[in-house]
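Order of writing sets the chain letters: A, B, C and D. Residues in each chain are counted from 1.
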Amino acid sequence: MILEKQFINDHNKKLAAKHAASFSFLANQLEQEGHDVERIVSKIAALQIAIPSWALGNGGTRFGRFSGGGEPRTLEEKILDVGLLHAINRSSGAISLHIPWDIPSDAAAIKALAREHDLIFDAVNSNTFQDQPDQQLSYKYGSLSHTDKAIRQQAIDHNLEVIHHGKQLGSKALTVWLADGTCFPGQQNFRKAFQRTLESLKEIYTGLPDDWQMFIEYKPYEPYFYSTVIQDWGTSHLLATKLGRKAYCLVDLGHHLPNTNIEQIVAMLMMEGKLGGFHFNDSKYGDDDLTVGSIKPYQLFLIFNELVYGMEDPASVNPIPAWMIDASHNVKDPLEDLLQSVEAIKLAYAQALLVNKEELEAARENNDATQAQEILQHAYRTDVRPLIAEARKRVGAALQPLSLFRSLNVRKQLIQERGHKTVSTGL
Amino acid sequence: MILEKQFINDHNKKLAAKHAASFSFLANQLEQEGHDVERIVSKIAALQIAIPSWALGNGGTRFGRFSGGGEPRTLEEKILDVGLLHAINRSSGAISLHIPWDIPSDAAAIKALAREHDLIFDAVNSNTFQDQPDQQLSYKYGSLSHTDKAIRQQAIDHNLEVIHHGKQLGSKALTVWLADGTCFPGQQNFRKAFQRTLESLKEIYTGLPDDWQMFIEYKPYEPYFYSTVIQDWGTSHLLATKLGRKAYCLVDLGHHLPNTNIEQIVAMLMMEGKLGGFHFNDSKYGDDDLTVGSIKPYQLFLIFNELVYGMEDPASVNPIPAWMIDASHNVKDPLEDLLQSVEAIKLAYAQALLVNKEELEAARENNDATQAQEILQHAYRTDVRPLIAEARKRVGAALQPLSLFRSLNVRKQLIQERGHKTVSTGL
Amino acid sequence: MILEKQFINDHNKKLAAKHAASFSFLANQLEQEGHDVERIVSKIAALQIAIPSWALGNGGTRFGRFSGGGEPRTLEEKILDVGLLHAINRSSGAISLHIPWDIPSDAAAIKALAREHDLIFDAVNSNTFQDQPDQQLSYKYGSLSHTDKAIRQQAIDHNLEVIHHGKQLGSKALTVWLADGTCFPGQQNFRKAFQRTLESLKEIYTGLPDDWQMFIEYKPYEPYFYSTVIQDWGTSHLLATKLGRKAYCLVDLGHHLPNTNIEQIVAMLMMEGKLGGFHFNDSKYGDDDLTVGSIKPYQLFLIFNELVYGMEDPASVNPIPAWMIDASHNVKDPLEDLLQSVEAIKLAYAQALLVNKEELEAARENNDATQAQEILQHAYRTDVRPLIAEARKRVGAALQPLSLFRSLNVRKQLIQERGHKTVSTGL
Amino acid sequence: MILEKQFINDHNKKLAAKHAASFSFLANQLEQEGHDVERIVSKIAALQIAIPSWALGNGGTRFGRFSGGGEPRTLEEKILDVGLLHAINRSSGAISLHIPWDIPSDAAAIKALAREHDLIFDAVNSNTFQDQPDQQLSYKYGSLSHTDKAIRQQAIDHNLEVIHHGKQLGSKALTVWLADGTCFPGQQNFRKAFQRTLESLKEIYTGLPDDWQMFIEYKPYEPYFYSTVIQDWGTSHLLATKLGRKAYCLVDLGHHLPNTNIEQIVAMLMMEGKLGGFHFNDSKYGDDDLTVGSIKPYQLFLIFNELVYGMEDPASVNPIPAWMIDASHNVKDPLEDLLQSVEAIKLAYAQALLVNKEELEAARENNDATQAQEILQHAYRTDVRPLIAEARKRVGAALQPLSLFRSLNVRKQLIQERGHKTVSTGL
């Protein structure tokens, strides 16, 4: 489904007056506080969040999956869906492919289609946590860390193939989420598993183009429930350091034990110049993969506070991380969920941009915890929605993306086009 | 230290114009959304949060305590401190006494002093988790649940004495936080400990005046690290049910295992008409007793959403709960911490009042999770600070309590009056 | 595959001498400590653990499933598998059916087949957490708690149908695991969801034969990740109390928040006469459904210590709970996993039987935590494997079930019979 | 109190026959399994666990402390207490001093006293988490990471002084537990705090004798409840790597978030040659500091399995870690608690020594999780108490330390000597 520009214009026109009043009131307030509102709006407008190709259909749990309707049936339809999101919010201008769920058989055509929708290809993702129907050797007991060299080689080759696909599409990074782990004490020799993983990653690293990055994800548990080879940022960082300058850590918000101080991990990794990628979602218990900002919006803000600090630090040795949403839409319309997620990310980013860094550093120097909290919460409590809306308006996006999406009956149309019981490839 | 009315007037005058603009803009916006702003402001103004007598000094941990200066040395000074808070924010009009840390030797005089400061006496708290210097029998292995009847009797008598003090001051509730528990598997017979506790509570209940309430607190661990006799709301509810209509459960936000859905517990208890008391604080790991709203402000809002629902439900069988802050101020000025905590509570309350209940129920009926989230987050993202400020202005409180507190150099004066190394009784 | 008696005899003969020496040494030691070894061995031999019909194939996670080979393709084959287990260990003499995965189309034949293998039918399980292919209305947004009466009715009818099937097979209990819950704050009205659930359960309860029990399971999260209607034992207990004497709580070891003191919950429920069912498994993070005793064997022992206390208490008002294994076999042979699980349960049971209750109660009366720990750990540290083996020997089971299973190449035979890529119905 | 050798002899004589029977039965069994029992017994006998000087009195919580009687009042009495433990179990031949709680004013005399009791001085511990009465600058807002250079210098100087004391006593390691952290988001600049800490540690490192080691402890929270500068092994490892070859990580079992796989961390650190120290205790919720092995004995065994693997690996680059008990005795007699803790450590060590490494590695190579579990649990389920007892017997220790301790009425004597209400310095 293609969104005609006119729909956005009509939508924006209807909301224009109210928005203008809100924005101008807020902008005025912020200017009085010393903020450069124009600069902030530009930054917000510029932030692009990649959408993974597997996030366009309904996800499920081990207890089953309730499908929605109108899910994309092909890679082309997935690109159309991301294109639609991007047309609405102008903030989702990148797609992150998952191989082998979405192999671009005709790369040139796929690339052209993406370009039509103003989309680029972000990091490509390999998958060695599932067996594919035609696969020779099984990953049941691991892939890059497997005891059997032949299986490791198969997983290495798969990653090299993913790089190959990514090169054709213009990607510049490979994300390795290594699910390998164990369900029972004793099942694996921790040290040997680490060494085999390092060895495998080295072979992939060798095949990585010089202008590419490799992102190494970590996770404490699931799909295995006793140990994971790359269980935490410390292990990921150890691997990235041993591999070299093109290797980075990837933080997925849901991949932490209860109560982890994630913002501190973000700060440490950026300090070391090793934060490469970021997967957004939210969770209450484990890797729940809920809509970004739906459970702990303040934590999201605190994390963005570190990200902004790291990105704006002139002495920073860290590249701008690759942002992606990584959620599972079990009870919401996937496109609505993604619109809400992008909105939450932008809100947190805008709030972080409003933090008065000089005053904050001064409060910190004085160990004035009360004042430091006031400064952060002043930014957080500010209703920055007019800023986000303004940023969208300026780049031709909808003032209120979700509201437009609903008023256009997008899902109904998609169901008409694609049917009621389609199942998108992926989770 | 007595706050002269003039200070507040001057403070408010300086901020009047800016506040008026913000409030009028927000009020206008809310009226357009169909809200009765006057009614909301009145409700916010009416909410009073009790301050416990032990929260006016610096707290510590098992690793030690770093004192601040100017801590109140007597009950009288504690009342002065709460009076000062109340003068500033007109929202802390109640004090919750802890016996034996703060025994009112001359109850009439204490009551008069409190009245001078417009303070009433909220729930009184017993303490059977510590041994007092002159105490005959030790609570090392429990109190109301102890294996030794004599020790149970001592603890029962103490609770009856606390009721006695409370009656003299006009309190209408007794809070029982029973810390009793064990550090090692096997140490205690769970069932007998429960039965002995029930028996002891029955004796206290018998001594409870008919117009009083008894609040039964629960906590999973600390100060004992294997089991607690009243470990969760289920156990507290079992006891309250067995005791009778005057017995209620008390929820302390920090007394839950990681990831507990506290708002659901609140909803269940109000549904059953058994939520009697509420202790506010915030935490990241355990019973951290941090400033309210400093870690998980969205959760606080969700909890208030249930509280407001329960309080405004015409069919409700639940009394208005007794609100209290229960925090430990380890690195902040206690009075500043309390001002921030009251502010956070009022913000969450105001946000909850803004939730459009009809639309929310409609979305729920349709299982429209996206819309339900939009409705809640619309209220939550609204910057309600002007509403709180307006509510304060109308009752003669400061527009910006913390800012006034700092500009008056209150702590400096308290240190001059009371000294640098005073240690307040309590935690 | 039918296990010929001769195999067990041969196996036991080979191990007889070594076992006799171990058993006699241990028995002698225990007799000296005052234990009635014969009585203990009889009790161990008598304990039967039901096997659920879904546990005979490989389970998976939301990220996929790696099948093993030789999985049972029909209910008949499942009964054969349980029969095989029971032939080997004489401790798995019951099967717990899950409807609609395993609908007995010819109940008389199924019952006869089970009888052949000395199996009875334990609690029957309903399933309203998945949509079946032919199902009219979807459970995506709940079943017994759904906002739509028609969907609730469908779920009620399903439960009544499950009772119907159970009656034909001789079951005496219905297990209701209500997965209903939400993924997002606001999605559901907690109180209404509870009331609707209660109403639905009442209708099912009405259809429950008078000599049946209803088990109400609780779980904090998964498959929904913000709230579950029956989130904890307190909620389950509230429902069971409101329903009546035939309603009981069911404890699944994996259905608790991190660090929960489960043994205390068990004690409370037995004290109240409301512990009806028990699902065994083990876990490190969430509902990991690992082999019983593979992660926290000491906790398992502590739980059995409460179970034994509750069962042997002459004043107990609690019925003997229905025991069942509820695990997911992702990386092990399901039958081997079940053999290990039953073994772990029996070990914990035997250890609990060895606890010197008089001495323990004496230590508790004296608050002698050191001694209480010594008493428990003395029982726990005792190597009770010879007791378990002896109990098996006496009822014609194998001395070492797993070792026999492996030596007979059972899995290889099952694969030959059933094929490599069979997928058992269920998880 | 000095334990006369004769008491041990009498005690052992009484138990000799029973022990001999048990040991010989077990030894025979183990020999049949291919174990070299003599070698195992020697290893067990050789393992020495240091006792920290603060663990000889009762600990408490932030809610208070219940003292026991007869606590040591001086460093000399603490040495006597450790000497007594060592006389009883011959496994506690080292004492770990905490400065400034236990400053050896006359080092030569203290050293001589220790030598009399066959004790050496293990790692010395600095304390910058408390203010001492005479201290110039406060550590309320940090020490080695403080924003104020003067406070950092004070903390550095203190650590250098600790090294000085340690040198005089023959210690060879400094343990730095840096409690520095924050209670509120925003309070601290994470990156600057890390850099200041690194800088401070470098200065201390410069003062570290060449044959010394520096142990860097990590902890996620407490005494601060939002962040800790050295929050996890990743941060500790980063610091240790940046510091140099003398710097190592220290693992305290209680210093992890819920559900952490600690054994994997141990494996990783030993693989990297960076595991320097080990603090034993047990816990259910946080840093509960309970008796070793009282809550999760199987986890303790799994950790020892990694430690033994790392220590016996001929290619290991890791030194033998410094072992210490670090517990808080709130409801037990401290000496009894320590006897139980040492026993639990030795049991876990013995069980780990019984693991058949060749078979385990073979099972791992085959991804045979069932068999790997069988191998581990076979070792774990073996009742190894006769091995520990035998190891003690051979070096002149008591067969049953706790039982001897109780029969000698040691505590009663200590109370007579030292009084009822003594309070030992420390926690």
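The working rule: a residue touches a chain if its C-beta (ideal position, glycine included) is under 8 Å from a C-beta of that chain, and two chains touch if they have at least 3 such contacts.
None of these values were measured; they are calculated from a predicted model.
A.B. asks: Look at the interfaces A-C and A-D and say which one is made up of more C-beta pairs in contact.
C.D. replies: A-D
A.B. asks: Just to confirm, which listed pair, A-B, B-D or B-C, duplicates the contacts seen in C-D for more than half of them?
C.D. replies: Repeat interface, by the over-half criterion: A-B.
A.B. asks: State, to the nearest whole Å, the distance from the C-alpha centre of subunit A to the C-alpha centre of subunit D.
C.D. replies: Distance between chain centres, rounded to whole Å: 42 Å.
A.B. asks: On a C-alpha centroid basis, what's the spacing between subunit A and subunit C, in Å?
C.D. replies: From the centre of subunit A to the centre of subunit C is 40 Å.
A.B. asks: Going by the contact rule already set, what residues in subunit C reach two or more other chains?
C.D. replies: In subunit C, residues 140-141, 182-185, 187, 220-221, 226, 258-259, 261, 284-285, 291, 294-295, 298, 331-332, 367, 369, 373 touch at least two other chains, as defined above.
A.B. asks: Under the definition above, what is the set of subunit B residues touching subunit D in their complex?
C.D. replies: Residues 59-64, 66, 129-131, 138-141, 179, 182-185, 187, 220-226, 258, 283-286, 288, 290-291, 294-295, 328, 330-332, 427.
A.B. asks: Which positions of subunit D touch subunit C when the two form their complex?
C.D. replies: Checking each residue of subunit D against subunit C gives 22, 25, 29, 258-259, 261, 284-285, 291, 293-299, 331-333, 336-337, 340, 347, 367, 369-370, 373-374, 377, 380-383, 385, 402.
A.B. asks: Which part of subunit B faces subunit C closely enough to touch in the complex?
C.D. replies: For subunit B paired with subunit C, touching residues are 140-142, 147, 182-192, 194-195, 220-221, 226-227, 231-235, 237-238, 257-261, 263-265, 267-268, 270-272, 298, 302, 305-306, 309, 360-361, 363-367, 369, 372-373, 375-376.
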